[in-house]
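One structure below.
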Amino acid sequence: MRTTQHDIDSADNLERRNRGLEVLREIDGEAGSKVIDSLADLSPALGHHVAAFAFGDIYSRPGLDARSRQLVTIGVLTALGGCEPQLKVHVGACLNVGLTPDEIIEAMLHAAVYAGFPRALNATFAAKEVFDSRGISGS
Amino acid sequence: MRTTQHDIDSADNLERRNRGLEVLREIDGEAGSKVIDSLADLSPALGHHVAAFAFGDIYSRPGLDARSRQLVTIGVLTALGGCEPQLKVHVGACLNVGLTPDEIIEAMLHAAVYAGFPRALNATFAAKEVFDSRGISGS
Amino acid sequence: MRTTQHDIDSADNLERRNRGLEVLREIDGEAGSKVIDSLADLSPALGHHVAAFAFGDIYSRPGLDARSRQLVTIGVLTALGGCEPQLKVHVGACLNVGLTPDEIIEAMLHAAVYAGFPRALNATFAAKEVFDSRGISGS
Amino acid sequence: MRTTQHDIDSADNLERRNRGLEVLREIDGEAGSKVIDSLADLSPALGHHVAAFAFGDIYSRPGLDARSRQLVTIGVLTALGGCEPQLKVHVGACLNVGLTPDEIIEAMLHAAVYAGFPRALNATFAAKEVFDSRGISGS
Amino acid sequence: MRTTQHDIDSADNLERRNRGLEVLREIDGEAGSKVIDSLADLSPALGHHVAAFAFGDIYSRPGLDARSRQLVTIGVLTALGGCEPQLKVHVGACLNVGLTPDEIIEAMLHAAVYAGFPRALNATFAAKEVFDSRGISGS
Amino acid sequence: MRTTQHDIDSADNLERRNRGLEVLREIDGEAGSKVIDSLADLSPALGHHVAAFAFGDIYSRPGLDARSRQLVTIGVLTALGGCEPQLKVHVGACLNVGLTPDEIIEAMLHAAVYAGFPRALNATFAAKEVFDSRGISGS
């Protein structure tokens, strides 16, 4: 086994991470970068894998456009519950890839059918915080 | 309060249910109708509300196209876990509204980032059963 | 399809919503109305369906009394986790329909067997906030 | 520390377990005893604590009647998902403590509002299996 | 049935609770005791069973060492989500039984594979609060 | 961006996958390889990432020994519910890395405190299937 495999600062891993960080910055903007930065001292490997794996390996795969990926993500995060911080980052990402506030709000109403009203309500109020911080309204 | 409100066979409720059943048949095809039929003696009110509310009131709202709604639904059902029967109905619905097998499989890979690999694996194997029953392959 | 189906302010939908709002005010009191009000600009359709569907169509069905419905609701919300805002509204509703603080607390202890102690602890502390705000103690 | 504390066959623990088994047999009937029996070789301590703690210490507490406890339990198990075996035992217990099939079905419809339709559907079909095995219908 | 069974201050129950409280104090330290204390007026029976059952009956069983139990607990609490208060108590407990901050952080990264990145991120930030309050850093 | 990044059969990705497959075979044995094989036509990218990311990048990191990782995994999978297929693979992995049947069963009893008895029961019965298939008993 290559001894550098788990060295997140090896040339290979650095390249993978940097590719992921580019995607993350493009999609999530400042909010995503802040999450990675906040992990720098605490769990640099978690930050590496969020960037290198989640964004570099998965998010930027060609099989599904960014708008579709965000719709899946909103569905998953609404259903899981307790993921309001991640939901806010991804509501921002939704706006960045062209979903309108009304479409985001509609996706959360749709999720109520399958995940119940409390999850949909919590997601909707998390979206409101993002809309408010960007000076836009949901409807 | 109108005494007919909770009579699921009142004129109003019948009209709402029939509108929903039309949407359900269009989207889910036979698989959806079978679920409603199987509830006829067991819990007719649950069958009514799946048709009238889930499909009539929510699914057919104009704010989001059917493809987008299915992506949210796949995200929610993959994340919830233990919803393989519903996932199979909705994988069929995904195909009916124009998502390709590869896009469905990609959406489930995407969900792995947020809901973990076990949920994504179970969803992918549920999709396989639908693909197999329709004589198509996932990749 | 009737063009008014998804117009939440059509005569039919307004009537359904108003019937639901009556139930909601009776059961949840001010806390429930506040949730609907807070959705007015953000997601009026979500507010409509909470009132018209959750309270009008389901909650007020004759098949189960309000006390029994609240016991089921406390069970669901304790188990889901991350639904503290909804749990607080429903702890208030429990008191409104005649459950005693001790019965609510006992229901949450009972839920610990099936959903684990952390969920029961979080629910119990959410109940405490409601009890405190009403000037009553839990035991 | 008493050396017998974790000996599930100490006099104290045997007494606690037997009290719980009595409650379990009264409430769950044969279905509950079968679960405990199936743990005898596999995880006797788990069987002991289901009987001694879940049924002896909690279920039989005086603060809430058996009907109310079953309603909470149905809510929790419907919401958790993936607990169909336990749900079936408790649907049987519901019938044993006097809930009617229609009330059980109604409780699961009620749970759909908070936990989503897929969880309610799975619970309802689990209930059907119990009703069928007892030769009764749900509506 | 002994009339004292559900009297949490009977001699038997007091002895069980005190044995549990000893374990709790040894493992969780002050953070655990505070949780029990906060339940004294609100739900003394819940406090009793956390001490007597969770810590006395289960935690101190000889079949698994404290380090192993904490690893399982971190896995469960990370996966459940919405259990940040309990996670913080148990991150403290992890440190008390000899897990290093790096091992705790690594366990949460490991959990990301199975429970998804959002749950792992929330757990990691909860751990950070405990590390900060003890003046230690995670990596 | 390198055009080969998402080509799972590029030299880099093949190397990462092969390193992961080695770990997977060592830990999970035949059961793990079967899962990857079953994904070959269905979702080769999911199979790649389970091997390359889950086993290559995360599982084999030096920060936590295999026994500890399995304890975390058992905790997560027990808590999630509905992951019986993955739980069985990992119960086998537990045995492969030196956990005894009694320790696995004890870990699941421990999880009952935090995730509730139904999850612990389902996990324990999944473990039984693995023990039976290997001709060993749980206690």
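Each chain gets a letter, A, B, C, D, E and F, in the order it is written, and its residues are counted from 1.
By our rule, a residue touches a chain if its C-beta (ideal position, glycine included) is under 8 Å from a C-beta of that chain, and two chains touch if they have at least 3 such contacts.
Note that the structure is a prediction, hence the values are computed from the model and not measured.
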Both chain D and chain F are touched by which chains? A, B, C, E
Could you run down the chains that neighbour chain E and chain F together? A, B, C, D
Do the two copies chain C and chain E share over half of their interface residue numbers, or under half; same or different? different
Between D-E and B-D, flag the pair that has more C-beta pairs in contact. B-D
The assertion on chain C/chain F checks that the Cα superposition rotation, as a multiple of 5 degrees, is 180
Note: chain E sits from chain A at a C-alpha centroid distance in Å of 30
Whole-Å gap between the CA centroids of chain A and chain F: 26
Shared-interface residues of chain E (touching two or more other chains) are 45, 49, 53-54, 58, 61, 63, 76-77, 80-83, 86, 105-106, 109, 112-119
Contact set on chain F toward chain B in their complex: 35, 38-39, 41-46, 49-50, 54, 76-77, 80-83, 85-86
Report the residues of chain C in contact with chain F in the complex, numbered from low to high. 112-119
Name, in rising order, each residue of chain A that touches chain F in their complex. 1-2, 5-6, 12, 15, 19, 22, 45, 49, 53, 56-58, 60-63
In the complex, chain F touches chain E at residues 53-54, 58-59, 61, 63-64, 68-69, 71-80, 83, 86, 102-103, 105-107, 109-115
Give every residue of chain A touching chain C within the complex, in rising order. 81-82, 105-106, 108-109, 112, 116-122, 124-125, 127-128, 131, 137-139
